[in-house]
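In what follows, chain A forms one complex with chain B and a second complex with chain C.
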Partner chain A sequence: MDNFKVKLTTKWNEFKVSQGFKNITASLLAILLGILLGIIIILITNIGNSGLGISRLLLGAFNNPRGAWIGIGQLLYRVTPLVFTGLAVAFAFKTGVFNIGASGQYTMGLFVAAIVGILGDNLGFMQWPIALLAGGLAGALWGALSGVFKALFNVNIVISGIMLNYIGMFLVNGMLGGFLRPYMVDGAQNRTITVDQAARTPYALLDKIFPNSGLDFGIILAIGFVVLIWFVLNKTVFGRELKSVGMNRDAAKYAGVNEKRAIILSMAIAGFLAGIGGALFILAPSIRNLGNQYSLENVILGAGFDGIPIALLGNSHPVGVFFAALFVQYIKLSGDPLQSLGYASEIVNLIIAVILYFSAFALIISQYVTKLRKKKNNQVNDDSNKDNGVVPPEKPSKTEEVIL
Partner chain B sequence: MHNIIEMRNITKKFPGIIANNNVTFELRRGEIHALLGENGAGKSTLMSILFGMYKADSGVILKDGQEVVINSPNDANDLGIGMVHQHFKLVEVFSVLDNIIMGIEPSKGSGVIDRKSAKEDIIKLCEQYELALNPDDIIEDVTVGAQQRTEILKMLFRKNDILIFDEPTAVLTPQEIKQLMITMKKLAKEGKSIIFITHKLEEIMTVCDRVTVLRRGKNMGTVEVKDVTKEKLSKMMVGREVDFKIEKNDMELGDAVLMVKDLVVINELSKKHVVDHVSFKVRRGEIVCIAGIDGNGQSELGYALSGIVKPNSGQIYLNYEDITNKSIRYRNDNGMSHIPEDRHKYGLILQDSLANNLALKKYHLEPFQRKGIIKNEPINALANELITHFDIRSGQGAKTLSGSLSGGNQQKAIIAREINKDSDFLLSIQTVRGLDVGAVEFAHKSIIKERDRGKGILMISFELDEVMSISDRILVMYEGKIVKDVLAKDITVDELGLYMAGIKQDEIPPLTLTEQENEKMAQWRGNK
Partner chain C sequence: MSFIIAQSFYFIIPLLIVAIAGLFSEKSGTVNIALEGIMVIGAFFGVLFIHFMQAVVKINMNPQLLLFLALMVSGVAGVGFSSLLGFLAIKMRADQTIGGTALNLLAASLVVYLSKAIVKDTRIYFSAVFEFKSNFLSQIPFINYVFFNHAYLTTYIGIIILIATVLIFKYTRFGLRLSACGEHPQAAQSAGINVIKYRWAGVLISGFLAGLGGLAYVIPTSISFEGTVAGYGFLALAVLIFGQWRPSRVFLAAIFFGFFKTLSVVYFGIDAISGWMTTYPNIPFALFFRILPYVVTLIVLAITSKKSRAPKASGIPFDPLAG
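Let's look at the complex of A and B:
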């Protein structure tokens, strides 16, 4: 027993000085500052109701009028697509690529999954897995496009990503508004009809644990992918190659990694993840098995963009991404309850924006500190004490060098 | 004789190490005083304290017998202390004149820079100290030597009389080094006092009056140069005897492990032939060294051989197999090792651990992976073995981030990795950059051992000492062409310098292949 205690303390002490601990504290600090700003805005806009407002802001998922348990179920249900888009951004980040195109990939995944889900009537019980996979592949294709443009024509991935977001959205809306309209769109609401019963992801007993929350198999898949992505990045040769491209593209190339292939594959996998996210959204049975719909508005879906602060907040670590997504969705659930008090629900977006800023600041600050340390070391030049290997190791920057 | 600077009992500690331990250093007026020591001996720390970049934990600095406090380089400047840094601090797009007057621009009170009087002053200084320099030239257009003279003039223009030179010869050609030595002597004669930081014992012997040797932060003594020998100095510095003469047996030359035929690399921007129809062979059992001044196409040749850049035309054969269009990994896995020129850009992933870096070219092979899953035990075992054998000093062993190693140890890690690959052909560029005498000796011995095991070695070096001491055969590269192909024992340093500067050029005959070689190449083609 004592032995175990000692082990635990040493582990904890090791963790306390590790980079991971610093990243977590930095993320928590960003969250704290974001919430603080939210509270200030609540105080400024209407001080009279502020007590209730602040408590609703902090209660997040627990605001659910039908009870906290349903609130938790709702949180897990809604977080599923965000986990995937967060992973999509984080995975690309690890290869040094900024995947701002996750929204386009998400939309394509959603769209193709909807086609299979609505029109694939004779697929039987295989309809939902096929729809899901088709959605993932559509996202992969969309992501790979950016990668191919980068590898072959050196097109900036951020720019091609943004363009593909628009292209994806208008392509989908154009097709749904055009030749697919008779088959897939509910004209009165200007939304897609819900997918077939067989195309909906199963509840997998989760409706027994979290009744009336809509929670389905998707969340299990999300957790599975968190583990899988962690495994790929940390345990496989393939992941090592992608990461070395992210850390030092030139050295990776020198060591024999085909860095163009790595970028294309990384973007394809990122796109696959975002695509699965979109597919899971549209295939989800939702509360009381009513199904989800896609609205034909000319707006790029936010779920993809949400992946960016989630990946940043989670420090691009798959497990970090999962918890970051949980937090973002938690705070998002405060939006409606706040609005009912007369506060703008956009406060929630503001908080997320502030968190994004501070996450980025943490990155800049840590880079600045590293630089400062480097500068000091340069001053002592090769004569520095480093030769004896006793100087504390230089901390890596929070994320890796980004390929644009 | 009068001491212009005295640093008394200087101690400077960094976390876990004493960089300067009770060091006393005296500089006399009008002398050239060498500061000698291994990497990490504390030379630069001591000079950084004198130049105001660090504050000593204890100890005092006296100038002309008066105690002074130096808190910043500006303070140092006010006391007449100037420094030529190893990496020049010049604005590339400014003229020589503008660089010299930067920060102390003379004006006639109206705020308008008075370039005319400044120019006159500078020309006067150039004449006085016999420095060849045109004040109107733009820095990026002039040679490294001229840039260095600009740095020297910067100090003279500020009327500094204590001049610190931090490894000034590392970047110069032999001819430029000679010129610098003359300038330094001239400066000393005119009453300037010079501190000369260097690794190179030869230079100390030719130009310095006294030398202070530091080892592990301690002053090992200050001696008159005329009373010591190179051997004695190196023993003081390293603490043991160092072999300067590299022992090499004559080797029976084997098959050509590398053949380069009519290789051309064209720079995409300038459309210049940076590698211009280069042909040569490297055979088993020989060390071929490509000598030349930096920027004559050696780097590009290295990139083409290693596969980082695709050549525009020509062929590269590794063990008679045409690898011109093969991937980098194919080359790595089929008998090519490569110690790259830029260890930070290409050699290492600085954010990754030492163990992963030592396995950087192997982790995709068994037993370091099985079925695509990385196996950490063999990687760590390999790392520990290399760390011990190559004496790579790090804070936390195999899991140390390679970015936190000193430059010398980073280089050792790369050398260890590449030699451990046991390749038939080793391409090594600027092998010993940043290594101290002891480490250089070790690196060179390791490479010679590889040669003796029948490997073919191609080195690219900008350091003449290295070229002369280690190579069996020397190729001189000038403006992308090979202009000399000669056995090392058949050429002198001075003659080599003439080829490096392009003053002399030989016609190099085209690559000739023996019957056997043609057969072997045909075999490879047949296999495909």
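Let's look at the complex of A and C:
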């Protein structure tokens, strides 16, 4: 027993000084600052209701009037697309590419999955897997476009991503509002009709565990992809090659990695992930098997943009992304309960944006704090440092180079 | 034709102003992805100011003076918001792309939140009284139409900003030093230039112009503001790249992009195109023209991005102690 304890403490001490620990504390610091600001905004907007407002903000998924258990089910259901957009941004980030175009990839995936899901009547029980795959491939194509423009023509990937977001959104809305309208759109609501029963992702007994929460097989796929992406990035030569481009482009080139190919492939895979996210959204059976719809508004879907803070909070680590997505969706579920108190639900997106802002330099703050602590320790017992050798100076920036 | 050219100016001028905003920031060494967000903030506070003066105080003021004051409000709001970028990029030396993206998302949700809290609506309306409608040069109908009758104060402000920018970067010590900070900050520092101070100046000027440009975009093309400038800040970034970071070329690039943006709005008013539309009802012209500006941006960037003349140290944080 004692042996175990010692082992655990040494493990903990090792972890405490690791980069992963610093990243996690940095993310937590950013979250703390974001929520603090949210509380301040609630206090300023309407101090009368602020007690209830703050508690609803913090309760997140547990605001669900049907109880905490259903709240958790709904959180897991709603988080599924966000895990995928988070992975989409994170995966590209590992290759040093900033995938701001996840929204366009997500929209294309959603659109193509909807086409297969509504019009692919002869596919039988294969309809949902084919719709899902088609959505992923559409996203992959859209992501690869950005990669091709970067690799072959050196087009700034942020701008191509944004342009492809707009092109994708207008293209989808234009086609749905145009020649696809008679087949796919509910004219009165100006939304797509729901996908066929055979095209819906199965509940896989999850509706028995979390009744009426909408939770379906999508979450299991999401967890599967988290593991898969972790495996690809860490255990395969291909993944290591992609990562080497993100770490040090020159060294990667020297080692024989084809940078252009890496950028295109990385964006295609990122697009595939975002496309799957969009497809899983539209194919989800949702609560009581009512299905989901896409609304034909000329607005770029937020799910893709949410991938950015999620990837950053999760430090682009697949498992980190999963938990960051859970957090972001948790806070998002406070939106409607806050709205019913008179606080505009946008406060939730505001908090997430603030968290993204802080997480851009939270690592620097937390490194600064550890440095201060080290300095203090050094003054207290100067001798102890001799054993450890010299503490290497820490760089105040992320290790990945961002390709623009 | 006059109509289309007058319309084009409504799009060209804000593109020009915001691209120049990006120019000041990038010349000093800070990439400003947040232009879109700063435009949104500027437009919001400018429109809110106009709404307040027109509908709440109901003051009887010369519309041009009101617009000028509103533009200043927008500019100052832009300065305030861009200081967040300055803090992140210059003081904290953090990743400017991520920080800029955060500010874009922040602006979008902040504006809707404030709008709901202040005017209880996601839209803020204003009465469109700012067109010149003068017949100063009625002898030359075309010039009169574009520059006097259907012109806005923002057209002239945009042209003044362009000329001032050309002069600043060509002839003033400030402009040359600003460029030095974006090209080779270490050399600038050893020449005794306070790089940090110049970079702050670049970002804050950028914020002022982008905020002002946000309002300049909304006023001639709308009667309300709904929390978005439709990717205009990113188009302005594309204009800056296409213009190769040179003020005069940026102007030409703004004309080029502005033309396509105009086409996407007024295409059905052009006789030839409306003729095609009736001849070929199955071709989705509306969709084609809608995505045209964005597609053109991609193609043009693909052609011109190979040889980039971006300021060399743009986007790279500067540490004054690192030597």
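In this text, the second predicted complex is superposed on the first by the 368 of 404 C-alpha atoms of A that agree within 3 Å, B and C clash if a C-alpha of one lies under 4 Å from a C-alpha of the other, contacts with A are read in each partner's own complex, and residues count from 1 in each chain.
Rule of thumb we're sticking to: a contact is a pair of C-beta atoms (placed from the backbone, for glycine too) under 8 Å apart; a residue touches a chain by one contact, two chains touch by 3 or more.
If you're wondering where the values come from, they're calculated on a predicted model, not measured in any experiment.
A.B. asks: When the two structures are laid over each other on chain A, which of chain B and chain C touches more residues of chain A?
C.D. replies: Result: the larger residue contact count on chain A belongs to C.
A.B. asks: Touch test for A:Val158: chain B only (first), chain C only (second), both, or neither?
C.D. replies: second
A.B. asks: Applying the touch criterion given at the start, work out whether A:Thr236 contacts chain B, chain C, both or neither, answering first, second, both or neither.
C.D. replies: A:Thr236 sits against chain B, while chain C stays out of touch.
A.B. asks: Please work out whether A:Asn258 is in contact with chain B alone, chain C alone, both, or neither, and reply first, second, both or neither.
C.D. replies: first
A.B. asks: Which partner does A:Asp250 contact after superposing on A: first (chain B), second (chain C), both, neither?
C.D. replies: In the superposed model, A:Asp250 contacts chain B only, not chain C.
A.B. asks: Residue by residue on chain A, keep only those touching chain B in one complex and chain C in the other, then list them.
C.D. replies: On chain A, the overlap between the chain B and chain C contacts is residues 396-397.
A.B. asks: State the interface residues of chain A toward chain C in the complex, per the touch definition above.
C.D. replies: Residues 41, 45, 98, 100, 149, 152-156, 158-160, 162-167, 170-171, 174-175, 178-179, 305, 308-309, 312, 344, 346-347, 349-350, 352-354, 356-357, 359-361, 364-365, 396-398, 402, 404 of chain A touch chain C in their complex.
A.B. asks: Help me check something: in the complex, which residues belonging to chain B touch chain A?
C.D. replies: 14-17, 19, 37, 39-45, 48, 53-54, 86, 166, 306, 308, 327-333, 338, 340, 345-352, 356, 360-361, 363-364, 369, 372-374, 393-396, 400-401, 403-409, 434
A.B. asks: Touching chain B in the complex: which residues of chain A?
C.D. replies: The touching residues are 235-238, 240-241, 244, 247-248, 250-258, 379-394, 396-397, 400.
A.B. asks: Across the complex, what residues on chain C touch chain A?
C.D. replies: 31, 33, 84, 88, 92-95, 97-99, 101-103, 105-106, 108-110, 112-113, 116-117, 231, 234, 237-238, 241, 282, 284, 286-287, 290-291, 294-295, 297-298, 301-303, 305-306, 308, 315, 317
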